[in-house]
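Alright, structures below, take your time with them.
In what follows, chain A forms one complex with chain B and a second complex with chain C.
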Partner chain A sequence: MTKKLDMKEVKVALERKVAQTYEPVKPAMQFGFVHNNVDCIGCRACEIACKDKNGLAPGPRFRRVMYVEGGTFPDVFAYKVNMSCNHCAEPACLPTCPTGAIWKREKDGIVDIDSTLCIGCRKCEAACPYGAPQWNVQEQIIQKCNLCVDEIDAGRKPYCVMACMMRVLDIGPIDKLWAGQHQTKAVGPNDKIVRQVKNMASPELTKPSIAFVPHSKGKVE
Partner chain B sequence: MATSPVLRSRWPTPKAVAVDAENGGKLLRATYSPLHFKPAIESASDAQCLACHKEVLEDKPRVASPAGVKAADSLAWYQRTSTYSGDQDTFHRRHLTTPLAKKLMNLKCNTCHQGHDPREEAPGSSATAAPQSDNAFTLRKQVNPETTCLKCHGQMPAKEIMGLPGPWHEVKEMFQNDCLTCHAAIRTKRHQVTYLNAEAIEAMAVAGKESKTADDVCYGCHGGRSWYRIAYPYARNAWPGMGDITPEWALQRPQHSESRFLKAEPKP
Partner chain C sequence: MNKLPFSILNPARRSFLKTSAAGTALAATSGFLELALEQKDAEAFAHEPYLRDDQLTTVVTSCDHNCGSRHMLVAHKKGDVIVRLSTDDGRYQAGGAFGKDTFAEPQLRACLRGRSYRSRLYSPERLLYPMMRVGERGEGKFKRVSWDEALNHIASKMVELKQKYGPTAILDQAYAGSSYGVLHKSDQIEGLLARFLGMFGCRTNSWSVPSYQGTTFSSNMTFGTIHDGNEDDAFASGKLIIMWGWNPAYTFHGGNTFYYMRLAKQRGCKFVVVDPQYTDSAAAYDAWWIPIRPNTDAAMLAGMAHYIFANNLQDQIFINKFCQGMDAGTMPEWAKDQESFKDYILGTNDQTPKTPEWAETICGVSAADIKKLADMYARTKPAALKASWGPGRNAYGEQYNRMAAAVQAMTGNIGILGGCAEGVGKGWHAESVAYPYDENANLWWASIKSDRWAHCVINYPNVKREEIGCWPREDELDGKIPNIKAIFWHGSDWFNQLTNINKEIEAIKKLELVVCSDSTITPSGLWADVLLPIATHFERHDVGLPWYKGHYYIHRPKVIEPMGESKTDLQIYTELAYRLEQLDPALKDFGKRYNPRAERSYFQDPEAVDEAYLVAWWKKVQANQGVSMSWEDFKRHGVYKFTFDKPHVAFREQIEDGVPFETPSGKIEILSTTLAKVKDWTRTQWGYPIPSIPKWIEPFEWMGHALVKDYPFHMVTPHPRWRTHSIFNNIPWLRETYQQEITMNASDARKLGIVTGDIVEAWNARGKVVVPAYVTERCLPGVVVVFEGSWMDLDKQGVDRSGNPDFLTKDEPSPAGAFAYNTILVNVKKSALEHRPGWDSQATARSYIFRRDA
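Then we have the complex of A and B:
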């Protein structure tokens, strides 16, 4: 026989529970991106494949290839940094959402979003240190990369990775990528993997699941 | 919400630029206004910013999500504290226009937005750009969360610095759920920066003590909305009578707040 709930008690318990601090999900395995900053030619095929797959109008860009150039002749440099959502171990966007539209998958750590639940308060957009949540002006909602979760569940790779003609973008278990133990064409035999490149917000903020092969001028001292 | 979509994107679309050219190039002139660059942005008023970016404060959240989730019925866990009031609102309005924000804070557009060349993806990318050491913005962000958001949305280092036996939410009952149990006497000169209203914050904390909700008042910023997993390294201003030896945890910390946030000393 089902015990009848004391709704007053439930309400008090619920209020106590929801005013607690947020505890991040600890996934069984964490997927992450790896990008080779040196060999990327900046063709933006990944950006376009992403926009195509997600039906994005001009404006929101889930993935972005950033051209970083500088120096003084003859010591000049140019390299690309390519980032989308970093599917952080402890995402800042997730706890800000008032409707629970953002969640982290326990099985592979993907930070997914159901934008049909979004009320457009834009708190997640502000909280993300890496600019991942994107504002859709027409719909007045936030959308973001979900690592093509449907492709992942079908055993394939995300559209951006599949579109990369230079094979400088890939995904894999992030722990193995950081340890250099994951076989990928994005990382050469003598390349050293880093977790942060110059001008990127500190990875200590949310522990982003991303690895880079950095340019010599993009290394963080 | 019927503002120009042209100004909503970070970079004008080709179509917008073409339309703009027919109208005398006002948009491009506005994009490259000195107000978007240092040093003019440092003294820009909110009114000057909002003359073009008025949608920042005019836009409100949707009444309901596309699937029908009503904004009025949705409250996050951090929105159920005693200090939270009012309807769901946007990030910018919550920080600038709500009664609590106006009462406790003195945030301005340029508190967070310090400007940069709109062509640049990273500091130091052109001869006229800010140097690469400039930390006003980061890749994909127009602000640097480490020097802005983290001030109020970092972790509270309860164990490491204050020596509490555990995280605040686990041990707060031991301290009557009240930060002022200790902080009525320890580090009494607080919040003395231009972007906060120190007197209002202190008065609210005292009022919270009387209504037994002081925890909500302080913890709202000091750990209760910690989107980030590290603590902000607040400047360690030694208080009168404090010993000369700097503790280990404070060795890497500045001795005073950033100069742009320092309050002018009252004249005798």
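Then we have the complex of A and C:
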């Protein structure tokens, strides 16, 4: 299905949004996710809550709980890395978009896609080092986590966070999370926060707004 | 079959919502694009434009199935369509606010299955109309019929069968598939169907419970009750928690057990997992993993008991005060000459001391580790040994649970905060009955072990009572073999879920009536003669309650109108009762007696009657549980959370105040009075001898059996996380999170040339299944794991392509009635056969994409 675009609308959008991409938005406050890799039981309630909230068919997974395991029987370990969109400070997806559909919000740094402008070229999907943009085969567009911006605006938290049975997933101002200054159940009293874990692309690429409590085997030197 | 677009999922219900919202609100201020709603139809499954929660009607309800917990679901609906679901966020309870999540009143957050509920509600597998079989039984060919036709057929057939074959002709195979309502309760024990068939006068009961019969038996024999559970918050007070076959990351018992254990971990609690698999629980709680051979748990526990006795680490004061038969000093007068538990452990009579070294040869755990664990458990005070149900679903599974109870007792870890007597683990007692309940709740003319029905049908009348575990009676029907000619399923997919399905297939062909009442088509339903569509709990009025742990009630209003022509089970049995009283004069006023608050119009309009039952139930709650909230307030909030002044710990009164245990002796019966006094085992429901003290008994099949020559792998079949037994198997979202697979150790896989993703077949003399492999270091070599509950899908050669392990299980229960679900030897090889993950091909299991080897 190809979409008939109102070119006037595209023009306005380009002026309004694309202009910002080349000079990344400096949000007043940047929201980011925090996830405890160790205490997470990997139940994927967050994933299903996300699918239900966003009405997704099988296929696109805005949130992905990755199961990591290693060792040799019987000395084994396992942990979970839970990621959706990292709402990066320098989103790689954003400048790739030819229609200006991707934009970053000044208030809280949420990166969102305006679906009405997406033409399904999939360039952002290829650009993102974290696999956040998801291909919706039915709609022929790219979609991704928008941090449940409607819930944020209503003063609440995203569906995935509110779904977490173990309370190991949360959001907060990312600077404060990194500094250990943000109170959250996701981080236990003895837990330390990191910005990167094993098997994850370098944060230097896009400066992702994500914090993890790492597993001892998941730490990056 | 080609991949279908998701919209096909729901042709009837993917209705388009006409919204009356005025204005073309482009919320430019927030930057969030909200399209003009009156210009574009909103869809039930739409990413954009979507309706915000605050534009929708919010209705608090709960999930409904037999998973062991009960969490809140909050429906956000527009008109008669549920647009999305959320869960408890702290707002709904009395005094609630967004984000409120305290230790005493934690949020009741739903799991992945509950969160997927819209997909089940609106699934293409929903039964919307009564159907009757037109092809051969099991062929899956049905035609739509009217309620009149379906109910008249069932009613006349019931009368005919009762006249022709007597009062045992109809087998009640109701189960707990939707047991979590106080009103619309499906259950094996005193559910709606039981009372209906009982009052009709024709019912063979199935008494052994698939999930936990070994554990129930143990708790009843040892403690005299199954209320041996602490409430979930008590787990936050642990110093040491030994999770024996327990994986709370998969099987959620209680609203927040797994979360309270996380709090325990933060407070310094140590965890041990005894399990053939390094489970997600072992990982999340950073546990010491002790891999154990399946079905040898009683031997390892005996080895621990030996170490504790040998080093005099037992709590002798506790033993002397509270136990019967632990040692010579606690043997009752009438059993002075019999073997005590200590005699057995030390080998006084049989000359075999059950040392850790002895145990090592059986269970495969090193004697050093057995000693280390025993030492840790005996010296840490208090310490919780949680003996879960799974290892009890075995040949002689009851011995494992009894042995665990003995070890819990000898260390004095019962009745104290931080200890544990579970077992069954039933904690706080709820008011659970709003439906009509009286002396007719459980009438039967025969009662058999649930997994012996096929054996009984195939071999009738040449069956011995002990083979099917006939429950004794006081009248002339005692020991009479039931002449089963019909099955009723209610909230039950037992044909798919009981053992040795191939034998069931042989048996079901001999029946004259098979009735299935369910919300969706199920694998069992395919073998029915009549399919009755049941309204889900979103389409009827009820109250949800937790089952094994948790202390709260969740109001469950009718969120949407019943879909298609579906009715509630109570409506159906009531209407059937009215029809039966016209066919059989002996059933005078059956309809009114079955459902006293209703008139016959209940079949069309149940709402006032359901409300009346629930109001009466709430009065019981107020009277018996100190609740002052009014029914109207409860309905307004949608949830009532109880708080306790101190954590609920089982047997606290017995230990602190000297209240006697509910056993014949009033003690914790390591030596069971009931068992010790049995003279003729064939005349008991158990059929075969059970030792009066816990003992290790060699199972039918295990890794030490001669059969390993042909079948070198021991298969265990635990509960999956992405299904409740077989419920939710048809949900594409959930199948995306996980695939039905066979888990095996990497060294075993290497020998067979198998890598992750290969399709393999597993087989033994009873059947063959096809399933993809998951190769890991997290599993004991020699063990394979296949989760129960996939929807059977037989090919023409009789091979199950879905990977349902119950084609391989044995239909021979343990003497106490425990299902031998985990007592299976199999062989495994790479296969050219195709695996069929479900009846549709809409969901591709992509879980493997998100697995990484570190």
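Rule of thumb we're sticking to: the second predicted complex is superposed on the first by the 199 of 221 C-alpha atoms of A that agree within 3 Å, B and C clash if a C-alpha of one lies under 4 Å from a C-alpha of the other, contacts with A are read in each partner's own complex, and residues count from 1 in each chain.
The rule we apply is simple: a contact is a pair of C-beta atoms (placed from the backbone, for glycine too) under 8 Å apart; a residue touches a chain by one contact, two chains touch by 3 or more.
All of these numbers come straight from a predicted model, not from anything done at the bench.
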| item | value |
| --- | --- |
| Touching partner for A:Tyr67 - first (chain B), second (chain C), both, neither | both |
| Contacts of A:Thr116 with chain B and chain C, given as first, second, both or neither | both |
| Touching partner for A:Leu177 - first (chain B), second (chain C), both, neither | neither |
| Touched partner set for A:Ile142, first chain B, second chain C, both or neither | neither |
| First, second, both or neither for A:Cys164, with chain B first and chain C second | second |
| Between chain B and chain C, more extensive residue contact with chain A | C |
| Which superposed partner A:Lys207 touches (first chain B, second chain C, both, neither) | first |
| First, second, both or neither for A:Asn199, with chain B first and chain C second | both |
| First, second, both or neither for A:Thr96, with chain B first and chain C second | first |
| Chain B versus chain C as contact partner of A:Glu125, first or second or both or neither | first |
| Set intersection of chain A contacts, chain C complex versus chain B complex | 58-59, 64, 66-70, 72, 114-116, 139, 198-199 |
| Touching residues on chain B, where the partner in the complex is chain A | 1, 5, 8-9, 13, 59, 61-62, 64-67, 69, 71, 74-81, 88-92, 94, 121-127, 129, 132, 138-141, 144-146, 149-150, 153, 167, 169, 223-230 |
| Residue numbers on chain C that touch chain A, as the complex places them | 5-7, 30-33, 35, 43-48, 50, 52-54, 84-87, 89, 98-99, 101, 109-112, 115-116, 118, 248-249, 252, 256, 258-259, 262, 265-266, 278, 280-284, 286, 289, 291, 721-722, 732-737, 745-747, 776-781, 842-844, 846-847, 850-854 |
| Contact set on chain A toward chain B in their complex | 15, 18-22, 58-59, 64, 66-70, 72, 81, 83, 90, 92, 95-99, 101, 114-123, 125-127, 129-132, 135, 137, 139-141, 197-202, 204-207 |
| Chain C-facing residues of chain A, complex | 38-45, 47-49, 51-59, 61, 64-74, 76-79, 103, 105-107, 112, 114-116, 136, 138-139, 143, 149-151, 153-157, 159, 162-168, 185, 188-190, 198-199, 217-218 |
